[in-house]
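Next, two complexes with chain A in common: one pairs it with chain B, the other with chain C.
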Partner chain A sequence: MDTKKQKDFQKSSNYARSLIEASLDPLVTISADGKIMDVNEATVRVTGVPREKLIGTDFSNYFTDPEKAKDGYRQVFKDGKVQDYELEIQNVNGDLTPVSYNASVYYDENGEVAGIFAAARDISDLKQVERALSEAITPAMKVWDGILMLPLVGNVDSKRAQIVMETMLTSVKENQIKVAILDVMGVPIIDSAVAGYLVKVIKATKLMGCESIISGISPAVAQTMVNLGLDIGDVTSTSSMENALQMAFSFLELEVIHK
Partner chain B sequence: MMEDLDVQLVSTTIVNKCLVVPIQVELFDDTIIQLQSEILDKIQKEDLRGVIIDLSAINVVDSFLAGKLREIGYQTVLMGVDTILTSLKPEVAASIADMEYDLGNVIMARDQDHAFQIIDSNSKKII
Partner chain C sequence: MKTVKSKKISNPADIITVSSNALNIAKKIGFSETASYSISIAVSELASNIHKYAKNGYIHLNIIEGKNTNGLEVVAIDNGPGIKNIQDAMKDNYSTSDGLGIGLPGVKRLMDEFEIKSEPKKGTLITTRKWL
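This part shows the complex of A and B:
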């Protein structure tokens, strides 16, 4: 009888284990001091570290931002769970995998917290789509030979500013741009952070030997910028796109003539 | 031995009374200092209209290089000649702006053609 019980137990244990191993999502259990207690095959694949080397090491070691990883499991112990917690797993070969963690505490037979069960989901595709989307709303267009226009619509944060910078500089290089116009008509709020980003983009553009103009400074924006004491340095700015184009033409010594 | 190598790494030429300094390698601090005095010497010896430093091969600009470029800019202007940097890679331009390095009064140009144009228009003003 005992042997049958043992067999049953063995069977159900094997079954549970095989389910865990079958999961395509990296699964991991973490102890209260942040050490890895158990992993499945998917975790081994995504980190590139063999199972026996993973177990017993710090969970936070395998991420690009260990502090954020630590904050993550501390939050689980505090609140009992976290959902959609984004981290980036670093493989030993250098590959990075953006993942979203769902994690919660689990209990032992006495009802005490035994550790954290954390499941990661690969969100590389999602990240790619997000990036493509923000690039799509940051189009750089060549409006004239040597003139580039980049209309900004929506809020600007540091990520967006980075993309604007990249888009601006690469198209300046590729299209032999002489004057770049950054239109901020569609940016609702320009605070010190946003102004800082804009000045950086303009400075970098100037470093490429390209003249640049900020256009679309509305009365409200002009007022808040002065009230906040924001200085955009010696950046040329103007209220309308029309003025900016006119400036660009005169810079290129071009003239628009009535037929 | 090392000095010979350095001289060979950054060989300057004079084109149309402009000193062209094409930098084809990542610069070591020593090389930059040597280059700096070489440029100033050339300005004194030759009758130059401008200095063009081509940075197309540079992948990283650190604070030392940025500081030296800034110094070169001020020094050449003191000697009556503008310094023009050309052909920065987009990622290098982005990092200089990000790190907020100040390049002082050096002039930035898209490419060498643009640099010559700037020098031409600046010399016209003087005459």
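This part shows the complex of A and C:
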């Protein structure tokens, strides 16, 4: 290479480097065997590991779920790209950063796949909002002495089920609840996974000495559950909130009297 | 046959999205409340299976024409581990994971027709239909 070419090469290489470093998002290139080839300063910051120690190590080492990270880059090599792939970066100081990756393969001058270019975006704020929203739409109300009402609105996934479980168990303990009513009228889809979550929540509540009633089972849900072969065991369920409340009263040996 | 929705399944949110899509499409083409709900649950179970066993796959929703009536066809396809023993997988309360063991026999009951092809280490193709 003559001096001019060398200078040009150095110039373009410096330019590429400064672009990569200018990114506030953690960037990384990964080889076919899953090793980190290059990183920018943002990656160093989020992992807490110096650049020279990151390069050459397994990409998957820096995540709370290494297997999911591996699946992620394998998928990129298979499909050419992935979008919005969520992972959690673990900093050496213990801090966790939820991130969403966009990644694609890049090619060398011969048109061969050279590796993966992956960009992470910090989604901590988004996750916090999601959680707050999820908690906000899972209110637990004490409707009578010893009776708790938990109306579920929206889709129930494993995270939401966990929040429902925590909300319910905390309220049961704090308010000495004896009967909890879980209303599922506002849950658009009750498949076997959702039914499984509900059964778990109810079992845990029972361990704390509290009975549960599921209310708001519509005719469509009831028929589908039977056809699907869902057996929710000895869980008490009713179609309406009104019936559920009556059952709760009779369980507590209370009577509503017309004045 | 007209494909009205093709959805890649790679995370839990996709399962919810595709089953809501199925519910709306079924209602739109004239299925009753209960039948529409059955279809959406069948889709949800198939998509959950894809996510659980194969990690990634596709759900296609097709409007199909029969001799006398139209219907909705749900195709679930993945390149996952496949099913070793289909007869076992079609038994009630059989599950290789920690689910409720509902899965495929439940889906079969919710729909009118059910076909399954699976090869270990290659993947699984399930085609299921419900007629209006």
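The rule is simple: the second predicted complex is superposed on the first by the 228 of 259 C-alpha atoms of A that agree within 3 Å, B and C clash if a C-alpha of one lies under 4 Å from a C-alpha of the other, contacts with A are read in each partner's own complex, and residues count from 1 in each chain.
Quick note on the criterion: a residue touches a chain if its C-beta (ideal position, glycine included) is under 8 Å from a C-beta of that chain, and two chains touch if they have at least 3 such contacts.
None of the values given here were measured: they were computed from a predicted structure.
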Next on the checklist: Both complexes share chain A, so when I overlay them there, do chain B and chain C fit or clash?
Outcome noted: fit
Next on the checklist: Looking at A:K178, would you say it contacts chain B, chain C, both, or neither? Reply first, second, both or neither.
Outcome noted: first
Item to check | When both partners are placed on the shared chain, which of chain B and chain C touches more of chain A | outcome: C
Checklist entry - Which of the two partners, first being chain B and second being chain C, lies in contact with A:P139: first, second, both, or neither? => result neither
Next on the checklist: For A:A204, using the defined touch cut-off, is the partner it touches chain B, chain C, both, or neither? Pick first, second, both or neither.
Outcome noted: first
Item to check | First, second, both or neither for A:G56, with chain B first and chain C second | outcome: neither
Next on the checklist: I'd like to know which partner A:G186 touches here: chain B for first, chain C for second, both or neither.
Outcome noted: neither
Item to check | Geometry of the superposed three-chain model: angle at chain A (Cα centres of chain B and chain C, steps of 10 degrees) | outcome: 100
Item to check | First (chain B), second (chain C), both or neither touched by A:L230 | outcome: second
Next on the checklist: If we overlay the two complexes on their shared chain A, which of chain B and chain C does A:G80 touch? Say first, second, both or neither.
Outcome noted: neither
Checklist entry - Nearest CA pair across chain B and chain C in the overlay: distance in Å? => result 10
Checklist outcome for this item: The intersection of the chain A residues contacting chain B with those contacting chain C is none
Item to check | Residues of chain C that touch chain A when the two form their complex | outcome: 11-13, 16, 19-20, 23, 33-34, 36-38, 40-41, 44-45, 48, 55-56, 92, 99-100, 102-103, 105-107, 109-110
Checklist entry - How about chain B: which of its residues touch chain A in the complex? => result 85-86, 88-94, 96-98, 103, 108-111, 114
Checklist outcome for this item: Per the touch rule, the chain A residues reaching chain C in their complex are 71, 75, 86, 155, 157-158, 188-193, 195-196, 219-221, 223-224, 227-231
Item to check | chain A residues touching chain B - in the complex, by the definition given at the top | outcome: 165-166, 169-170, 172-173, 176, 178, 200-201, 203-210
